[in-house]
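In order of appearance the chains are A, B, C, D and E, and numbering begins at 1 in each one.
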């Protein structure tokens, strides 16, 4: 029997909760491993669809509906057949309990119907070319189990009946749990791992100890100085590969209540100059131990969306996202930002002082270091910036409500840069999410994004995106600095088939944000 | 001598402690008067209520019954001003010369406060002079002691400071609760002599509390013998001690250490059973007053 | 007071403690002259071991550990003495008032004192600090002061009760002294040794607790303090990556300050209670015994 | 007896007050605790989802006094709500799990340090001024000035990571199922050694000093001299006469020490990833898991009260002067 | 005087060691106590009386230091006893009533237990035997034997004092040292207790070293008296001699500073103490 020991989440005690709709406290091995998605798109393989429960999907010509066709003879782990009626049940079920609807799918679709035993059709509220991305995010649950659940929101689903590879919870203690092979898994032929084991680890140091000691096969934590603390302990087996992940950015609140600051923040020259004071290389090397990927892209695409990048745009505006202190000073001088009141800091051209706090969550030490470096650069250029360190929750609330001057923020990776821009620059989202914290909006950009969403054709999409990125790069509403690393350490002692820099076939991290982890699991083979 | 007006007079004052059935009769129907230039000794065994009487005089306790007259006025009717004046006029000298002086202060400080409180007219050098004066009056060398802390002084010296303090306050009545029982024999007498001089020279009234009959005889003009909260015999000190009438007074007298009477002398022995009987008897209410002779009274159970 | 100072000077423990604390205070004050580095800035490459340039090496992001240690001492000392003062002041005032006034006032104060005593201190602090968020050293000092006075109040009250029995208090009352004067001039000087013990103990407690809260990540990351150094070093897994200087420096600093203050505390204890003194007398006695100059 | 009843009354009042503080604390703090809690616990929930969740968790708005009464009622019926982070685990169960370990850890450490500190303190006082006394007194000073976290960190690093003598986390080997078997018990012991040791070292100093000082004060008492004059052996005088009486104040200081122990064990548990109350509280604070935080404070206060009560009772048992009627 | 003395203190000198200099508490003191005799030591507070009393049982702790002298008890020098012999000696030969006998009973042990540990130590008595002996002793001092199951705080001061005396008698010692046994009591109780001691010593034939600063009491009670002044024994003699024919100035001053119940209440001179 092959047991794969993995770590997804830090915790002080395991609680037996496998409710796939529960985002706050269910075990993070629930999605994908217990509840197989319809389709998994492989971002590292040109976003190619990997059909899982679905064997195909079809978007209507008018982009107003989408049909999924399920595979033949799918079974739940308890042996019952898995059919289109389960899919329909699931969607109707979460409509009934909005607390379960963690992707707000019912804002997006208006109806779900069973076409035949294997086909489901969703009707969209608005025409969309991107419907599939959204629809595959929800798990499908067995009707015969869930229809009897009176309070699904608080339901802990201790003995899950699922469709994924690892459905059987064979052992569960507060310190460790095992999740084993689904006896009725449809793709059993590709599954070589018999069990996954999840030891409880409380924090980075604990995870480091377990990793360094070789107990973990698959890890998802930040390890300080990984070469020294992890690889060096067993260079032959201990490996890591850090793929570029969510984009980290600095931003100014265009609607800050501080009038003087607002004047400066709204001035493109000021923004460009500030962006030029950011020593991104130092942030990556010092704050991030060299693990993140540098992002000097005025479009904010970075490594992640390389294939969408318009090099002309980068050539034109790239200098504003490159560290250049002298350039920044010259730009500020030219724009009239000089020290008028002789306090050692530059003031607005009209003489009013500029001073702001960059807020960063209290305990995120790598970000704090990043901000520290940013502030050093800004102060060097004569800008009175300092750091505010509220609690994480307060930080995110401030970003949402707009009561701050400047901040560091991040936007996670998605299938295409469309999501990046859509999240950051959708006016109607202002005040709802922290991604729109800079509160910079542009009608033309939003129009382009809407068009993108309704364009199924790749080439056309590319050209729309070219126009969109030019607007962003020109206006520089956010200052990307790097893409953080998605942590991924592995141990080749017991398993092989790991994705790596040499063999980057799939996004390898086991974090729950990455549905492709399912593909990675299927690729693993025990060492004989 | 009885013609002097009393400064303070207790009239049938009573005080009990504790509630309901278990009340302790600490003072019952106590009457006596303190006159200028006269000393009243209050004697009795431990727990007989001597300190309670002192505290009643000091107004630390409110009497349960009876009244206390200050210069002929009932204190309860004079209100706060009267009380303040009373407090100033009546001062106390404590038994333990060490704990009655704050170890943190110098002699100078200890004497300066009562002057500031009691003699407001004094300013600047006049205060220093008064302090020196007071110290000389209690036979201490001002130059040597003013800067000292109490722990640098002997017990007798400390007790003198205490007396000086009461004088600084301008006291007319001094209550001395066993002022010499913690002192060495050799200095004890000095303090007693000092008290005698004060009484004579300054005309203060003195309430002297002790269980030592010999010193009572030495300083007092009148004596009150207490037992179980009652004054069982009182009068002129020589008459009472020469001719004790109450059995308890007799017992007390016979128990006083007396070098004249050796233990080998069988006649001097106390009979424990007789002692017990006297105690039992004296615990009863003694409400019949008998005048034994001129200025000599005793009480009996009815 | 003079006597107290004199006995402090004669006490070996006090002397050792005083020297340690004085050295730390001096280092903290002289920080700008002892190091050219800004404690908050990156001044070198990350995690450099101790060298001529960086006496105690550098931190994970390249700050100078020695500079941080010196400037951090300022914070630790300020918080320690600040909240020590606060704790002692509150405890002493409440203790003396409760003990001296007695009655209803005493009941109320004692109830609160006992209340605060039975609420576990560090967890409460932790929760408070977390609720307040971004707890700067001053906020921490304030919370410490607000939650830790109870022990001092209790012992001061007990001591006051026994002092109150002394006749000099009664004689002050008889002189007609107002009660605030009695509490301040008659009782306070006589409980001063308890106040001293309370103060030094509170300082130790405050220094350690502030560092603990920061170590647990509840401090303000901008502060330069020993607790923050520990937190950052621990976050960077300094021990695991072999950067022992990063974590052991603040550890050692904390231990030294703690030891210095503890020594002082013991000395105050001995001064307050002569029976506890050992020192020269006993060593001289043993010497004489050994020399055969007498026997027991 | 009356004494104990009075104390009992105090404990009840204290508990009520603690519960009240507990209720108002989060409500007096800036920001909406519920928002903060959810935005902290769940990463990027949609607004609709959040609203629905709040309802499900039973966060009803309403007049404060009504919330307060509901709260008190549930507290006294032993219902402390459910954890947010470890949903749907009831707080009582979560804390119950942790309590066992903390009690074990603290109990052992307190027992060891109390015994050790007391015995060493007795001996140091008995041979006052000797090398023994000097070494242990100074050692005690050192130990009391050592912050628990520093000691824990260093111990963890050297004995856990470097030398690999002891495990670096957990209360028992997670591979074993809890059972009253030798492998499990021995694993519990192995896992407990480091935390217990560090805690004991931190605590021993305090007990030693208290005991030593009490003893020294007592050794001047007449009944000690009389015991020696009676020709009793030194050991009997030391333990039966002096130590027994010197223990009384120490026992009452034990009650206060419990608070320190709780604090110390919190740090130690965090550093050693020991699944006790302290660690749970710490994690709950980081995750803003309000029900757990509130429950924790209550449980810890209750534990303190219980400890105090036990101390009170034993005080009465130890000292006949208090045993009146 | 052919009887050899029971206790013979010779040239006893005791210092209290200070950090810099020493304090001489007892300075070259010599005296004898014969069997059955009551010997009194009188003097000011702090003149070294208790220090001598402690020395007889070798109860001193540092910083006391016996510089020189010998203490013979029944011909054997107490200062030469080793630990074991010393423990045998204590209480068995010399029992003690302390200055504040009120506090010399262990507050947390029952009275019977305080008898028992003594009897067990010296006579290997069982609990029952000890109880029997305790009852016998308590009866001697007029305390109902049933009360031996009580704790010390349940007795009055005078009773506690008598219990200590009972414990003293338990081993039939040859010498009882009494260091101001009655200072805290009132005169009547004091008298009762001293009378009881006097009777006991006559019936049981032990000697008493009686320490007090009350000269009057001393003359009443003692056969012979020593007067101490600042560590020195300045005068020794029979009670009668000391009372009627004091030799030393200091003794005369002491008498002079005593107000008496008899004679003229004239102003007395202060002794230069």
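Methods note: a residue touches a chain if its C-beta (ideal position, glycine included) is under 8 Å from a C-beta of that chain, and two chains touch if they have at least 3 such contacts.
No experiment lies behind these values; they were computed from the predicted model shown.
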Which chains are shared contacts of chain C and chain E? B, D
Separation of chain A from chain B, taking each centre as the mean of its C-alpha atoms, in whole Å: 91
Gap in Å, rounded to a whole number, between the CA centres of chain D and chain A: 41
Mind checking the centre-to-centre distance between chain B and chain E? Centres are C-alpha means, answer in whole Å. 33
How many angstrom between the C-alpha centroids of chain C and chain A? 47
Numbers and ranges of chain E residues touching at least 2 other chains: 61-62
Counting only residues that touch at least 2 other chains, which ones in chain C make the list? 130, 217, 234, 240, 282, 285-286
Going by residue number, chain A touches two or more other chains at 209, 363, 391, 394
Every chain pair in contact, whichever chains are involved: A-C, A-D, B-C, B-E, C-D, C-E, D-E
Residue ranges of chain E touching chain C (in the complex, touch as defined): 15, 17-20, 58, 60-68, 79
Contact residues on chain C for chain A in the complex? 40-42, 46-47, 60-62, 130, 133-134, 217, 220-222, 232, 234-237, 240-242
Under the definition above, what is the set of chain C residues touching chain B in their complex? 3, 166-168, 170-172, 174-177, 185-186, 189-190, 192
Contact residues on chain A for chain C in the complex? 204-205, 208-209, 212, 223-225, 228-229, 282, 286-287, 362-363, 365, 368-369, 372-373, 376, 387-391, 394
Chain E partner contacts - residues on chain C that touch it in the complex: 10, 279-282, 284-286, 288-289, 293-296
